[in-house]
Each structure stands twice: as structure tokens, then as C-alpha cells.
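The same chain A turns up in both complexes below, where it pairs with chain B and then with chain C.
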Partner chain A sequence: MGKLFDFKLIFEYLPSILSRIHITLLIVVLATIIGLVLGIFIALARIYKVPIINYLAIMYISFIRGTPIIVQLFIVYYGLPEILIGIGININRWDKLNFVLVTYTLNTAAFMAEVLRGAITSVSTGQSEAAYSIGMTRWQAFYRIIAPQAVGIALPSIGINIVSLLQDSSLAFTLGVIDVMGQAQAIGSRTLHKFEGYVAAAIIFIILSIALEKIFSIVEKKVITDKLVGDSR
Partner chain B sequence: MKFDIAFMFVALEAALRYTPITLMLATVPLIVGIVFGTLVAVARLFKIRILGSIFKIFVVIIKGIPLVLQIIIINFAVIGPVDFLAEKFNWSFASKDIDRLYIVLIAISIFSIVNISETMRGALMSIHKGQYEAAYSVGLTRLQALRRIILPQAFPVAAPVLCNNFIGLIKGSSLAFIISVTDLMNGALITATSNYKYLEAYVASAIVYWAICIMIEKASVVLEKRLNLCSKEVAV
Partner chain C sequence: MKKIRVIGIITGIIFTGVMLTGCGSNSTTSTSNSNVKKIIVGTGNSYKPYCYLDENNSPAGFDVEILKEIDKRLPQYEFEFQTSEFKNVLLSLDAKKIDIAAHEYEKNPEREEKYLYGKEGYVDYSLKIAVKKGRTDIKSLDDLKGKSISVSQGGNSAYLMEQYNKKNNNAVKLVYGSDDAIQYDDVATGRVDAILLTKSDLNLRNKAYGDKLEFAKDSQVVNVSYAYFIFDKENKQLQEDVDGALKSMKDDGTIVKLSKDILGDDYTKSE
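Up next is the complex of A and B:
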């Protein structure tokens, strides 16, 4: 390894690392979408204090928030096949990416549930009382009155969560999934220029994070201005 | 294969034995982060020339890199030059003699400074502008205003977020395994290398992490109550 650090190599490695970016994005997008849907149900179960489910949700959220994602990843990786074989499903031949997707979805669901719960409860109770008083059902009041207000409140935190999900997704390589990080590692062990490969991966992550933040600030502004225009009408 | 509860307790004991390392890997960066993070936040808030914009770029770049990548990069950034120099000058000292623990400490500290600077910036910005103006109007300098008026108000605002940052550091310290530092998680895993009961080892470390985080959360609630009490008394 003659030279300490070769800048040219970073640009040489960038295209090959970029070619695995779809795996990273797949993890982020799928975990966000499914996590949001699951998160809404968990948040509602907690807000309406559905018996038993409420306590399970509290435990679940506390566990996910209190343990490192790397530990969750390996518990799913080693534990899920054991549980599923108990009910007669064999997933020993599953692609490792699936375990990653399951973990990140479960993780995101817990964080999204807390964000959504905070946003929904921050909408004043007068709003739902007003909705009930004009004869709306619980579902109508939620769907038409509470949810639209809560979305605006939740948006900034959802954005922050998605950016940290992107960063957490970098741990998928520990299971041997070839995403951006995995490719950087593979290049490192193939060419012995480990440093340059990882720096190239870091550049990709920085650009992705900045891009995500920009997208969210644009969406936030749009939602807020839409609301203001809507109110003035 | 079944879940071996007896073995889980063996792993649990090992995890507990290495818990001080994990606590150290989170507490030192927390303190470093509070000190330097506040400085960075103040420099950015007052838009101090050059330094303010340098910090801004620094924060954006570091925030964009996952912690695991930061640890790996800093590891190489230390190892490469040390070995290079050692070879050149025939030192008996080489990179393998450096305790990896320090490398992880540096990496997590940088991560912590950036995150806590964002926390402190938010807290500082939440203080009403009138407070600064009032402090200046009675003749306090910028530093005096900060130390006596602004920071005492900003810290209670920041306290709950700082507790969250601390939890993040505890969880983040688990990534020390990537350069084979034996912390809580790795300590538990070592017990499983001979019998491949990794699930039990991971569950054991999850339990310890969970317990630590719940304790921090409980402490955070108590701290918040105390701080609220203090600020109320002052207000009266």
C-alpha cells in the first residue's frame, strides 16, 4: 500500500459504490412506508388506550427505543427463523436483505408511532369535541379533522426519523447485504485500499442526507403554505 | 435448537461485566459534547466570522455520515499515518499498539459534539430575544449575558433532549464492535463464540441496553421536574 491516501481512487470507486445505492434506498423507502402504516395503528392503539394492545405497544416502543439497532438486527436474524419454524414456516433460505427489511420496518414503526402519537395528541381536544358535537363519528372526526392537522405537526419529526433511518441502514452490511456500505467493504478487501472506499461511501451518505433534508424542508414549506392559503379562503 | 435460558444468563453476566466500558464510551463523549457542542452552537448563533461558517459546514458533513462509517474512517485515519511513519523511521511502536478504545472514544465524541451542538442551538434559539436585549441594556457584555442570563435558561430547555442524546450515545457505542473493542455487546458475544448461541447473547445484551436506557429515561423525568421547580422558584 505505497501511498497513504489516493484521492483519484475515490472517484474511481464512486461509480461502483453508487451502483448499489438502490439497496440502501429500498431499505429506506420500504421501511418508511410500512413503518408509517404500522406506526399509525400503534399510535391509535395507544391514544384510544385499547386494552392489552396499549401495554404491548408501550413495551414494544420502549424496547425499540432502548436497544441499539444492531442488536435488533441480529435478534431478528437469529430469532425470526426460530419463531417461524415453531409455526411451521421455514425461512432458512431467505435472502438476508429480507431480515434487514423486517428489522428496519419494525424499528421505524416504533419511532413513527411515537411521532404520530405526539402530533395527534397535540391537536387540541376542543377540535375533536367540536367534531363530535356536529355529529361526526370517531373515525370521521379523526380522518377529517384531527389527522390533517396532525400531519403538519408530525412532518418535521418524520423527516428527522427518515434521515436517521438512512444512516442506520448503513448497518445492513453487517449481515452481508451488499448496499453502499457493503460495496465499500468489498472494494476494501479486494483492493486493499480500504480507506478510499469508505470515504467514497461517506460522500454518498452526506449527499443523500443533505438531499433528503432539502426535500423535507420543501415539503414542509408546501404543506404550511397550503394550509395558510386554505385557511384564508 | 431451542432458546437456552441458562446460557442467556451466562451471557448476561458477561454483558454486565463489560457495562462500565459502554457507560464510559457514552459518558465521556456526553461531557465532551456538552462543552464543545455549546461552544459550536454559540459560535454559530452569534455568526462569529469564519468560525461560524466553518462549524456550519462541519456539522452538515458529520451529520451526514453514519456513526459506523465515522468510526471506520477515523480508525483508518489514525492507523494509516502511524504505520506509515513507523515504517519510515523504524519505530518499535505501530498502530496495533494503540488501544482501539481511544479511537472509538474520539469517533463517538465527534458524533456527540455535532449532535449536542444542534440540541444547544435549538435551546439557545428558544430563548426570547428580549432576554439578550435586556442583558445588553444593563451593560452586560456578550459573554456575561450568555453565562449569566442565557445559558442558565437554555440548559433546562435542553435537558430532556440531552437525555435523549445520551441514550443515542449508549446505543451508538454498540458500534465499537466494528473495530473489535470489547464493550457490552461484544462481551456478551464472546461467550457465544464457542457454542454459536448468538441469539441468547444478543437477547442478553438487549436486556442490559434496555435497562440502562429505561434508567436514563426515568432520571430524565426526575431531572426535568427538578429543573422546572427551580425555574418556577426563580420566576416567583
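Up next is the complex of A and C:
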């Protein structure tokens, strides 16, 4: 007692903070998977300039990229129920985690859409022209020729996005969802020793980030070698 | 056909995710008895010893214990606790996500206009000026002119100082914070000159962080108030029922007992 910072406490807190890692991972994994799927559709709508949807997508992406995620969190948590109540659906008293998952998914989808759009448009037009010239349809050209090349280009940026999503997930505690960061703060206010909890959370986040980066560099290598083997065939 | 399988797997994952989270919320919102009205109590998650999360991450503290006792005395209601950061509790009341807000709320005119206050206060929440030990230059708010004070975002200390500044031409520099440890450290190291605290708050923090602050010598209480529960204006019936239970708890000494058990002393009466 009595010290503002006590090193021993970091290791005392670590296990209990670690016990909430599944919430952080749930947010990251679910937001990444659904975000990627939504992102693909948004990216395609932008590339092929689907009427109306293209403009909606532009607005959506610039909104998500132009506002802090904490604002988006509040809009989904407080604003979305107000809108839905107008059409007779009451989700006001849903579990908080659902609101958090929706927010992070919508956020990730916008960023993924831009990453994927950039990757797809960066494949040279000669590639699709060549595909059309041997009689492939638009879909075949995209699926067989463009997409495999775009994946290799998009992967590094997708990895960066997932790592930053991991850090962003720590804002969930403002709504009361107890993830890694939430547990650190809860312990902090219980024991009145907050800094130690934050350091413990930092250790967990660093290890997770490094693990994610490693996984992505392995995947990248694999995709690139696959492509090289495929090309030489 | 590989394509279809991939799509199948992805939709499968999404569905299980939605089902899992969906089920989680359904099971909590279903009421067992139709006569018992479910009441959501919103409280904070980081204000020991009033409202915080215990080892199992369930709400604990003085406010929570009082409400649990009220729940026992009111069979027609069933309380469920929801915790969030302090500054989001009243916002949740605005959005009708919760029915009762409990976070050591003092009265101030702005809040009284917007919400329905309980009539029964349950703990003394009189604020005094606390400074770094040994400092003698600050005795009242007027001594703070040209100096700085730490206030909590959305809290009554912030409101009081903002009102003071309005009258006195922004004489005191306000430093907003929402973290106890940082606010304490700011004053202890001299980055900020003073902070408004209650007696119980100061005792508790001194115990945890090493006895670095004290109440300014010969200083008067800056604001005398009790803490109250806050309700939505449309919820008159609930407020009356809760007040009734609180009154009976005051009369039979339950609140004093809880105060001694949890806060370490009887803080239910103002000095």
C-alpha cells in the first residue's frame, strides 16, 4: 500500500486481465470476417459503379473514415435504437456487446472496402482485357484473374487494419463491455491502482499485435509463393 | 464448387456469431414473472467504494448494496444492474436504456430540470477543497484564482466550478479528468493546485496512494449535498416506491450499517 506504481502488481493483475481476452478476440475476429465480406461487396459496387449504391458507399466510407470510432460507438449505441424504434423495433435494451460488435463491423467494412478497392484497381487493365479476349465473362475474369492478384496486394494493408482494430477494440469499455482494457480499468478502480493494470494490458496488446503480424507475414509469404508457382505453371 | 463451400462456411460463422450474441441477450431480458416489473439500474464501473466491479466483474459498492436492499424491500420490482463509465450513465437514462441512475448524484439545478430526483438522499456528499499536504496558500475557492483545480468530467465538481467561473470571469483554470489515480497524482505532484473531494473519497485515496493530500486548512465546505438516485421524469411511481424503501432503511439503521461496513464510517449525515 501507498505507492503510486508497484511493479509486483502488474504480474498479479495479468492473469485476471488475460481472462477477458476472448471478448477482445471476439470483437476482432467477428468484425474482421463480416467486415471483409461486406467490404468486398462495397468495393465491387464502387469499382463497377453500381448506380445509387456507389454513391451510398462513397458517403458511408467517408463518414466512417472521417469520424472517431468512439463517436460511431455512441451513434450505434444511442442513435440506432432511436431510429429503429420509429419502425417498431426495440433494440434499446439489447446486450451491449451486440452494439459494440455492430460498430466495429461497420467500421472495419469501410476500411476493408477501400483496401480491397485499391488492390483490385491496381491490377493492370491489360489483365482483364486479356481475360476478356479469350472469351471469359466479367465474373470469370474477376474470379480467376483479377482477384488472385489483388489478394496478394491487399494482404499487408488488411493486416495493418486488423492490428489497428485490435487497439481500437479497447474503447468498448466506455459502454461497459469488459474486454482486456475493461478488465484493466475495473481492477484499477477496485484496487485504486490503475497504472499497473494499464501496463499489464499493454503487455497483452503488444504480444497479440506481434502474433497477428507474424501470422500475416506467414500468410503473405504463402500467397506470394503460391502465385509464383501458379505463374510458372 | 469450392466457391460455394467457402460462402457456406462464411455464412455459417456469421450465423453462429449472431445466434450466440442474440441468445445471450434474450436469456437476460426474459422476465420470469409477469407481475414483477423489470427495472434496469445504471451505475458506474470505476468509483470505489460506491460503484465498481468486483473480482467476478459484477457490480459492487455502496450504491449497489443500497439498491439491492431496496430491491428486496420492493417485491413488485426486479432490479438488474448495468454498468458503464460515469459520463455515460445519465446519457443512458436520456436514451431510456436504464430506469434508475445511481452514481452518487448530487443535486444541481441543471440536472434537476432534466431528471426526476429521489426525495431521499442516502449519503452525505459535501465537497471540500483538498490540496497537497503542507500547502497553506489555499483556503477557499477565491484563493484559487489564477490557479488550477482538477474536476471530473460530467461530475458535480465540474458543474460547481463552471458556475463559479461564470461568475468570476474564468478566474480558475479547470483541468478535466476522469481517472482517480491521475487526478490524485496531478495534485500530489503539483501539476494541478487543488481538487474537490468528499471526506470519504479523500480518506480512501490517501490510503491507496500514500497520504499525499489533505483538506485545505480552515477551509469551509464548498457545497453541501446528499447523493440521490435519479429517475426518468415519467417514472414518478418508481421514484416514490424507491424513496419509501430508502426511508424505511434510514429509519431502521440499515443505511448507517452499510455505510460503516463499506465506507468505513458513518457518512450519512453532513457535518
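As a working rule, the second predicted complex is superposed on the first by the 232 of 233 C-alpha atoms of A that agree within 3 Å, B and C clash if a C-alpha of one lies under 4 Å from a C-alpha of the other, contacts with A are read in each partner's own complex, and residues count from 1 in each chain.
Heads up, the rule we're going with is that a residue touches a chain if its C-beta (ideal position, glycine included) is under 8 Å from a C-beta of that chain, and two chains touch if they have at least 3 such contacts.
A quick note: this is a predicted structure, and the numbers were derived from the prediction, not measured.
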Side-by-side fit of chain B and chain C on chain A, or clash: clash
Chain B versus chain C as contact partner of A:Y60, first or second or both or neither: neither
First (chain B), second (chain C), both or neither touched by A:I210: first
Contacts of A:L97 with chain B and chain C, given as first, second, both or neither: second
Chain B versus chain C as contact partner of A:V199, first or second or both or neither: first
Partner chain in contact with A:L171 - chain B first, chain C second, else both or neither: first
Chain B versus chain C as contact partner of A:V71, first or second or both or neither: first
Which of chain B and chain C A:E82 touches, first, second, both or neither: both
Which of chain B and chain C A:Y132 touches, first, second, both or neither: neither
Location of chain B clashes with chain C - one stretch out of 96-104, 132-140 or 222-230: 96-104
Residues of chain A contacting chain B in one complex and chain C in the other: 4, 78, 82, 174, 194-195
Residue ranges of chain A touching chain B (in the complex, touch as defined): 4-5, 62-63, 65-72, 74-75, 78-79, 82, 167-168, 170-171, 174, 181, 194-195, 198-199, 201-202, 205-210
For the chain A and chain C complex, residues of the former touching the latter: 1-4, 16, 30, 33-34, 37, 78, 81-82, 92-98, 101, 143, 173-176, 178, 182-183, 185-186, 188-195
In the complex, chain B residues that touch chain A: 1, 3, 60-61, 63-70, 72-73, 76-77, 80-81, 84, 167, 171-172, 174-175, 177-178, 185, 198-199, 202-203, 205-206, 209-210, 212-214, 217
Chain C residues within the chain A interface of the complex: 3, 10, 13-14, 17, 21-22, 24-25, 28-29, 40, 45-48, 52-55, 57, 82-85, 88, 91-92, 94-97, 179-182, 185, 188, 204-205, 207-211
